[in-house]
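Down below are the structures I want you to see.
Here chain A shows up in two complexes: once beside chain B, once beside chain C.
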Partner chain A sequence: MVSAIVKKILWSIPLLLLVSMIMFGVIHMLPGNAALVMLGDAGGSAEQVQKLEESMGLTDPLYVQYFHWISNFVKGDMGTSYLTSQPVAKRIVERLPVTLELIVCSVVLAVIIGIPIGILCAVKRNKLVDYIMSTIAMIGVAMPQFWLGILFVLLFSVDLGWLPASGYVTFATNPMRHIQSMIMPSVTLALSLAAPIIRQTRSAMLDTLSQDYIMTAKAKGQNSVGIFVKHALRNALVPVITAITSQINGMIGGVFVIETLFLMPGMGKSMVDAIFQRDYPIIMGIAMVVVSCIVLINLITDIIYIFIDPRISLDSK
Partner chain B sequence: MSEQLVEVKDLKVTYYQNGVETPVVRNVSFEIKKNETLGLVGESGSGKSVTSKAIMRLIAEPPGKIANGEILFEGKNLLKMKEKQMQKVRGKDIAMIFQEPMTSLNPLYTCGSQIAEAILLHNKCSKQEAWERAVEILKMVGVPSPEKRAQSYPHELSGGMRQRVMIAIALSCNPRLLIADEPTTALDPTIQAQILKLIHDMQKEKDMSVLLITHDMGIVAENCDRVAVMYAGQILEIADVKTIFGNPAHPYTIGLLKAIPKLDEKVDRLYNIRGMVPRFNELPNGCTFGPRCDFCDKKCEEEAPQLVNMGDGHLVRCHYAGYLPERGI
Partner chain C sequence: MDIFKKLKKRKTAFISLIILGILVFLALVGNTILGIDPFETNSKIRLLAPGMGHILGTDNLGRDVLARVIYGIRISLAISLVSVAFALIVGTAIGTISGYVGGKVDSVLVLIIEAVCAFPTVLLGLLLATVLGSGMTNIMLAIGISNVPYFARLARSMAISIRGREYIESAVTTGLNHFEIITRYVLPNMSSVIIVQTSLSAASALITESTLSFMGVGVQPPAASLGVLLRDGYDYISKASWLSIFPGIAILLTVIALNFLGDGLRDALDVKIRVDN
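For the complex of A and B:
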């Protein structure tokens, strides 16, 4: 198993390379560049801009720029921000915990909400509870996160005044305020993540409950709790976990939106700012971290499968 | 104490099909005596499995529903029991093995733990004791190196081995009745014979009754004491196995027996009963077998026949039971 894990990690290297090339190409296709951003607003002349571009290496051919970036990256140097001259690595180390906390909180919350409701819907199939919950889940899938976030702000901050509308306080500064500032962003993300989990859990449970071994379990005299939890749920978990993983992968985009909406100093906010400022080193750095995270999440998922289902093995082809 | 272990009286099971309640088992009455093997034969869709699931109360409601009847097990009506009481009967007093050994075991648990689960549900014992008992039963049902096999997952075993594990689960709590729903249909002929012999041996050893559901007349002849022939949700004929094979009285039974290929006769074409099993929502008014029967007349088309007692527990659902020889059969 260890060799299989190592193999998977090694396979992520060409993936990272490919993603870096695509990213590098795409961001350079955006009109404008960092030199323009820095001097343009300040009213610099065309010559000044060109001079700055040359000094930043922006006038070199794209492949030269890429080669320059990748050779530094491989050596562990992610470069420095064009605008703040802060090392990219330092910025990421600063911002990553905020984003990770947000993702972990919302995923845990989504699982706590999603799986039990999904089971409930399957158990009470075609009853009123199922109809209500499934409808809510469908609305949840269809509702854009940013819109849900805005509605929450309107309700809980503007009307009720229970929670801060935006801003982020570190745990060290003020634990209570920290938790308050995390609630709305986490819940917003969690709800849109819980919706597909509910749907997936419901359908996986229904599928499992129609299997022959459920009949065997009933014929043994197993009670309904034993049937649902021991026999059905564990079998239903594999597709549910697959769904959760793909949702987390997709959620990274959502995190960027939510961080921007709630003005949280996470990687998402950083990324969005960097894109507006054409701060290529920051964009590339964050993109690489995100891709690595996705590779890691998928690897962890593969390992979880093995513990759930004895038929799954990483080694076999 | 009566000789009967199970008495099914006037059982009716309905299923909702496209919003219409359709009876799939009607007026089914039979009994299973202690220590006997009753064969339940019929084509696919004749209601054999539904009948057996009704005894276990395993019919999914909805869409199914046990609409009428009594199922007495050692005098107690199973249909009147609460679900909790029924859970104590299932697996302990009545056990069941299914047609598909490949899918009837939970893929995520070892065979040993699936047997131990049944033991733990019905006996007060530790997990360790249950496991040891599971290994013992595996040995009893002829699984080689049972300690090792108990640790195996179902996907690591062959179909025949899995069916042995299923039998081990069924026998783990010494049931009084074993319902075997086409236990060998999915298996190779050589394995079939082994499994049937195993069920037979276990029956002798454990003093239990067996309800053997099958569509194979050969299996019936070799394994059953009495036979009930089902067609379109009704029992058409019940008798002991000698009578069914030696002196069948219903045209359907006669047809089934004629359809068995014989090694010592050279024929160009094997016999078949013409037509198809009717759909449950398109059953004829008169005799359900009428449209496929060579002897069907006006009376058969208009009036549904009742079970007629021909003596010695030989019941036949035919207007002309006993008169068929005169009608040229």
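For the complex of A and C:
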């Protein structure tokens, strides 16, 4: 088991290296010229551009640039933004709280909404409430996140005027406004995450409820709430956790979309802006942080699985 | 036709197939039949609410929204189908080779597949679309590439399980070469799984396409996908809500139909393996 875990951890090193190489390669294929971006709207003579490119190391061969970047990266230096000259690490630290708050709020909301509804659907299987909820979940899976966001804006900002359509207010500036500005983004992201959780919880609960030991517990005369909490729910949680962690990739993709839609100054918005502005160091830095998080979460999930079920082979993924 | 018969027995899947058929038909000839033009502008009827004459209203340039939605379905469906076809061919090829050959080749390919999978699809699509430049072919390529690893992963695990079966051993003893074994035995035996994945991937490709378009890296005017329509409509959200609603409904309907079809195919073809995207 220990060797399996060590193997798993060692595997993520070449994985992350390869990810960084792919990223670096792709980013440097982006059309447009970073030196021109840096010189701003005023532009510059061909000579100035050339000089700047040389000083930025952009004229070096790609592998030299990569080597330079990765050796700085492992030392904790992610470079500075071309546009604002702000260190990338500082930008990430600045923007991270907004994104983290969005993710935490959404996951918590999604779990609060998803698991009880999933259980309800399983218990009331093939009854009206099951059909209604399952249909809603199915629509939720099929709905692009940004469109759900648009519909919310339409209802709560345009029609009812309850919530701001976009923008972000820090908690320190105005706690009330802060909460208002967080509601729609979190709920939008939460609902798109809740839909697969509902489906997964429902089918996991149905699976568990039909197991022999549940029948036995019933036959023994244990009350149904007891059976439910002690046996069914506990065993159904594993697939539900799988459902949540397997959404992580889509979830982070959703963060990019939601932050762009609601103009939230988080990492996602920062990344999208950087892509359009050709701010290579920022793109590279944020991408590495994001992908490392995804790899890390997957690694932890895999390790938890090894503990739960040592039979899970690592080779057959 | 065997699949078709089995599918016919499954109500939701069959209805989805019919809905998809109608959508494709509409996308191809709908505007011609209805005699409406998605590009005809008319400054006198700008932002007209849905009603007689223009059932779904008009946009900021006075274009008929119904015509634009129908046209949008055509572009969106084309992009998602072509990109998934690309991912299907490239991904299945990579996955099959990886799983069938095994050894070092497999390890390297798996590493690459896993690395690409670690990127959120939206991010990868956004980067690729920016690198390749906008335009329909490039968007197809960007979404296609982002979907390759999912097919590769699936094909690989199928190839590994098929490789161990007895009929492969007997095929080897009869003197067939690897290429013949792959095309005659390995690929046909994974086809059901791949078909199911194709349907589900087409659904997610459509969502990815609309999301990328909304974020500004979609097809360029005059071409307009459903995502582009939503993006353009968003500027008028307080004045013309219908611009933000109808293209979305079209996306939702198409994606639900594709998902149902995928689920139905999974049952009809008796696919046990979990297919996801």
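Operating definition for what follows: the second predicted complex is superposed on the first by the 270 of 317 C-alpha atoms of A that agree within 3 Å, B and C clash if a C-alpha of one lies under 4 Å from a C-alpha of the other, contacts with A are read in each partner's own complex, and residues count from 1 in each chain.
The working rule: a contact is a pair of C-beta atoms (placed from the backbone, for glycine too) under 8 Å apart; a residue touches a chain by one contact, two chains touch by 3 or more.
These numbers were taken from a predicted model, which means no experiment stands behind them.
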Partners on chain A (chain B, chain C) - clash or fit: fit
Partner chain(s) touched by A:M215 [first = chain B, second = chain C, both, neither]: first
Three-chain overlay, vertex chain A: chain B-chain C angle, C-alpha, nearest 10 degrees: 80
Contacts of A:N235 with chain B and chain C, given as first, second, both or neither: first
First (chain B), second (chain C), both or neither touched by A:V141: second
Partner chain in contact with A:N223 - chain B first, chain C second, else both or neither: first
Chain B or chain C, by number of chain A residues touched: C
Which of chain B and chain C A:V26 touches, first, second, both or neither: second
Superposed arrangement (fit on chain A Cα atoms) - minimum chain B/chain C Cα distance in Å: 14
Parts of chain C lying in touch with chain A, wherever the complex brings them together: 111-112, 114-123, 126-128, 130-131, 133, 153, 157, 160, 203, 207, 210-211, 214-216, 227, 230, 234, 237-238, 241, 244-245, 248, 251-252, 255-256, 259, 276
List of chain A residues in touch with chain C within their complex: 14-15, 18-19, 22, 26-27, 29-31, 138-139, 141-147, 150-151, 153-154, 158, 165, 246, 249-250, 252-254, 256-257, 260-261, 271-272, 275-276, 283, 287, 290-291, 294-295, 298, 316-317
In the complex with chain A, residue positions of chain B that touch it: 56, 58, 84, 87-92, 95-96, 98, 100, 103-108, 117-118, 121-122, 153, 155, 166, 169-170
Chain B contact footprint on chain A (complex, rising order): 211-213, 215-223, 226, 230-231, 234-235, 308-311
